[in-house]
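In what comes next, subunit A is part of two complexes: it sits with subunit B in the first one and with subunit C in the second one.
After this line comes the complex of A and B, so read on.
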């Protein structure tokens, strides 16, 4: 057997193995989807969404736009690997087909071009190709260099932390790091012997030839290159590098409308494998401040994949959604975590059989304060004043008997119990004949919006509703000289996309100061009920940090639009905190 | 003759000042209010013997009149400098030289609006024990709706022993204050039903336990073990509270006419500033840090700076006076070393 005929076998075996595993997985994931999701794929396949997905794959899979925006060095590193390697393959194929003048050539000649094509070539553009391939190689190598630095000095990237690795990851990482330097030496070696590279490489090769026995290094180097590729490809499906293919798959599925719907299915795995463990979510996480360093999204994804997710990690999360906002792959991490939690709590069952049916009062507007608002009665009082003042025909639904909106049970996966509450509340709301439901709590808001079936009732958070009242002229606000900062509650902002309405409402009267971490970047108050593991002391660290940031703008007070945020901030005693409704009440112009 | 500056003219400040003057020092009191006596001025009577607080105020007045103590009212400490063993204490319009400084700035009542769920300053019939003392002084017991209250709740541990408002410590005197006020109310309004909601009752000092027993046996005060979670106003002008009776293990709702919150003791914001000016350490709780908790509570972590009274820890009037006297002794020991 001649060396030339077999040295590329490791590479070939690795490639075949890799694609067999990937295709196998993709098929398994597809089969595990619900019937509706399969219909969604069928419908989406021949739609514009597919084109969008192709563009998104190029943009995020190769160019890494989103990651570049979050962290330039990290974005460059990922781009140099992805785009550089991709172009090496593509340009390499074009170069080879130009050489042969046909597309029909042995494929290994394109991967190991400089090894096989040793004669002086003279096809059009051969010098260009030589330079282009070498440039691309250097481009990837620059990324390798950065990766090397990142691993040992993550601070250079402005990252406080980088992800921790397991044994298998080390094999893949080492082989990946070796691929391109090896390729570089292979090319130099070939160029030194055959002068088949660019003039620059030929010169370097000739120079190296004066000191090194290139002839005897040639075959071992190229063989090593092939083996290294083979090892990397075999390791790929079992390490984070699987994300290279999984991410593309995820982009398509996501754009075709596949989502996790309250229960875990194979789409979970499609998401989990898409994580490149870039570590961006680690730095975005506020829990770092409190010294909680093992429950960030990247670790949850990793633990799901390795089947070693513990409750300690799963439930130590505020579900504030900051990491989701910043995730370069756009993984729906909150939903992913919620569905995992639901799987662990399904066994519990609460009975709500004792619920009595109340009697609805006929009205145009139903006001639902929610349990958190009952614990912050100043908000409740302000809302009633606003409703009275604007002359609305309203019904305060949970004034004395306070049913739960059902959200906590929904989040705990107790769908049957939650449904009892939902049905009960829904009947009352529909019986009232109201066309608008006003809620003060963003946590309730989301469940009313998403899980209640009341197509004719418009659900409004009070910040939206009061703005409507002001716009309709039912409330007139006067100017105030108070300087304020606004805190976006997670559930209302990132959770429901309501950023502008509260700001518009506040701007009627007050001097609203923009702050650094606002809107999508807003911090969590630290009071989130989603975290079942955090201690009160750790919560206090988070709240105080956020309040101190507000204090640096010297506002007269902090305004928020969530009773839980208000309560959490108020206890720090750093600045006065008010709900948006209270601020409005202060500024109502009395109609004479 | 040594110069002493006492910051604060409440019970502790006046007592420590008199003790220092008695032992032959030149003493200046810096008081930010327009009169001496501090919070006691707003109090009606004291536990455990229902002594009128005016009697203690008179004691203070008589005592201070016997000494030549300079009292600077309406004055604040603006700056403090140390020059060797001498402190220079700057007020708005004077600089006082001192061989020793005694901080006796007292406490502030926990701001009950921080426990918003209890409805203080939202519902007019939710008041604090300090408001209640004022009412005893005025003889005003009517609700904001002008009615005689029939059912009254006293809520213990508001802002004390409460991780949720960052106060882990016990304010110590509220338990007995609650019992005292319950008895007083019963004397004024014999028909009213009075309920105390407590975690546990810390009747630590002489006569306290007896008072608690008297409250139950002779004044028909009902004690319910449970923290109040929520106060709201009902449409028919009553208050409604939610709690859990933890002895019977049942959640409960109760209709009331008036709720009295026993707000805990906190370090004053002003004490924190003064501590920073003198470079004195504070505990996590905010109170001033003693050099040795056992044998020198009045000695602080900065040389020549001492403390007396409730800026060190929550104390009753009796303990404050004792503490002030002990601090005076420690200051004199220190002055001997100069």
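After this line comes the complex of A and C, so read on.
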């Protein structure tokens, strides 16, 4: 057997194995989807969504725009690996087909071009190709160099922490790190012997030839390159590098409209495998501050993949959505985590048989205060004053008795139980014949908006509703010279996308100071009901940090639009905290 | 010997037979329950308690006495709204306690099968 005929076998075996596993997984994921999801794929396949997905795959899979926006160095590193390697394959292929003048050539000649094509070539543009390939190689190598640095000094990248790895990850990482330096030495070696590279490489090769026995190094180097590629490809499906293919798959599925619908299915796996464990979510997580270091999204995804997710990790999350906002792959981590919670608590949902159907009062507007507003009576009082002043025909639904809205149960994964409360409340609201439902709590707002089936009822958060009243002239606000900062509640901001309405309402009468971490970057108050594991002491650390940040702007007070945020902040006793409704009531101009 | 009085059966806790598995499970994962001073703030504010006969303190008493059957019916009344958590002067993570009891009940029921 000749060396030339067999040395590329490790590479070949690795490639075949890799694609067999990946295609197998894609098929399994597809088959595990629900019937409706399969119809969605069939419909989406021949639509503009597919084109969008192709563009998004190029943008995020190769160019890594989002990653670049989060962290420039990290973005460059990912781009050099992805785009550089991709172009090496493509340009290498074009170079080989130019050399042969046909597309029909042994495929290994394109991968190991400088090993096989040893004679002096003179097809048009051969020097250009040689330079292009070498440039691309250097481009990837620059990324590899950054990767070395990042592993040992992640702070240079502005990252406080990188993801902890498993044993298999180390094998894949080492083989990946070796691929491109090996290739570099291979090409130098070939260029030194056959002078088949660019003039620069030929010169370097000739120089190296004076000191090194290139002839006897040539075959071991190329063989090592082939084996290294083979090892990396075999390790890929079992390590984080699976994300290279899974991410593309996820982009397509996501754009075709596949989502997790309160239950775990194979789309969970499609999401889990597309996590590149870049570690961006770790730094975004506020729990670090309280010393909680094992429940960040990347670790949850990893635990799901390794099938060792514990309740302690799964439920130790504020579901504030900061990691989801920043995730370069755009994984829907909050939804993923909630479906995992639903799955683990399936066996113990409550039935709430004691619920009675209340009697609805006919009205135009229903006001639902929610449990948290009842715990902060100042907000309730302010809301009632506003509703009275506006002259609306309203009904205070949970004035004396009403069940919870269901969102806290939903956050704890108790979906079936939450559904019982939802059904009860929904019937009452529909019976009232109201067209508008006003809630003064973002936690309630989210569940009313997303999980209640009330197509004719418009759900309004009180900040939206009061703004409407002011715009319609039902309320007039006077000027005040108070300097305030506004805190975006997680469920209202990132959760429901309401950033501008409260700000517009506040700026009617106050001097609203913009702050650094606001809107999408807003911090969680630390009181989130989504976290079942965090202790009160840890919560206090989070709230104090946020309040101290607010205090650095020297406002007269902090305004929020969530009773839970207010309650949590008020406890720190750093600054006075008010709800948006209270601020409005202070500034109402009495029409006399 | 008859002293003229005897322990009332329904009120006595026989520590030899009392089932402490659920209590131990809960305390293992949520030790903050131990600092509860039974002030009753949680019970006063409870949303579910407003609608039905549900009492957080009684729930804890059942837990501590190992009254598994009663605990099962009692715990299912909770709506997890979290008000108890906010009013608690000792920072007892009651929502987690409720979820842990629910889970423990399932675990030990499955074990008995």
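Simple rule for what comes next: the second predicted complex is superposed on the first by the 586 of 592 C-alpha atoms of A that agree within 3 Å, B and C clash if a C-alpha of one lies under 4 Å from a C-alpha of the other, contacts with A are read in each partner's own complex, and residues count from 1 in each chain.
The definition used in the following text is that a contact is a pair of C-beta atoms (placed from the backbone, for glycine too) under 8 Å apart; a residue touches a chain by one contact, two chains touch by 3 or more.
Just so you know, these numbers come straight off a predicted model, no measurement behind them.
K.L.:
After the subunit A overlay, clash or fit between subunit B and subunit C?
P.N.:
After superposition on subunit A, subunit B vs subunit C: clash.
K.L.:
Who contacts more of subunit A, subunit B or subunit C?
P.N.:
Partner with more touched residues of subunit A: C.
K.L.:
Is A:226 touching anything from subunit B or subunit C once the two structures are fitted on A? First, second, both or neither.
P.N.:
A:226: touches no partner chain.
K.L.:
On the A-aligned overlay, A:567 touches which partner chain: subunit B = first, subunit C = second, or both, or neither?
P.N.:
both
K.L.:
Output check: A:375 vs subunit B and subunit C. Expected answer is one of first, second, both, neither. What do you get?
P.N.:
both
K.L.:
Contacts for A:536 in the overlay, against subunit B (first) and subunit C (second): which applies, first, second, both or neither?
P.N.:
Both partners.
K.L.:
Now for A:409: first (subunit B), second (subunit C), both, or neither, which partner does it touch?
P.N.:
So A:409 only meets subunit C here.
K.L.:
Output check: A:340 vs subunit B and subunit C. Expected answer is one of first, second, both, neither. What do you get?
P.N.:
A:340: touches no partner chain.
K.L.:
Regarding the shared-chain residue A:421, is it in contact with subunit B (first), subunit C (second), both, or neither?
P.N.:
Touch status of A:421: second partner only.
K.L.:
Applying the document's definition of touch, where does A:190 land relative to subunit B and subunit C: first, second, both, or neither?
P.N.:
Once the two structures are laid over each other on A, A:190 reaches no partner at all.
K.L.:
Regarding the shared-chain residue A:198, is it in contact with subunit B (first), subunit C (second), both, or neither?
P.N.:
So A:198 meets neither subunit B nor subunit C here.
K.L.:
Following superposition on the C-alpha atoms of chain A, which segment of subunit C from the set 5-13, 41-49, 59-67 or 95-103 overlaps subunit B?
P.N.:
41-49
K.L.:
Residues on subunit A in contact with subunit B in one complex and with subunit C in the other?
P.N.:
374-375, 536-537, 567
K.L.:
Quick check on the complex: what are the subunit A residues that touch subunit C?
P.N.:
311-312, 315, 345, 347-348, 350-352, 354-356, 371-372, 374-375, 401-404, 408-409, 412, 414, 421, 527, 529, 532-537, 564, 567
K.L.:
Residue numbers of subunit B touching subunit A in their complex, please.
P.N.:
Of all residues in subunit B, those touching subunit A are 111, 114, 116-117, 119, 122-123, 163-166, 229-235, 240.
K.L.:
Going by the contact rule at the top, pick out the subunit A residues touching subunit B in the complex.
P.N.:
Against subunit B, subunit A makes touches at 374-378, 380-381, 399-400, 536-537, 540, 566-567, 570-573.
K.L.:
Which positions of subunit C touch subunit A when the two form their complex?
P.N.:
Answer in residue numbers: 29, 32, 45, 47-48, 50-52, 75-83, 85-88, 91, 93, 95-96, 99, 102-103, 105-106.
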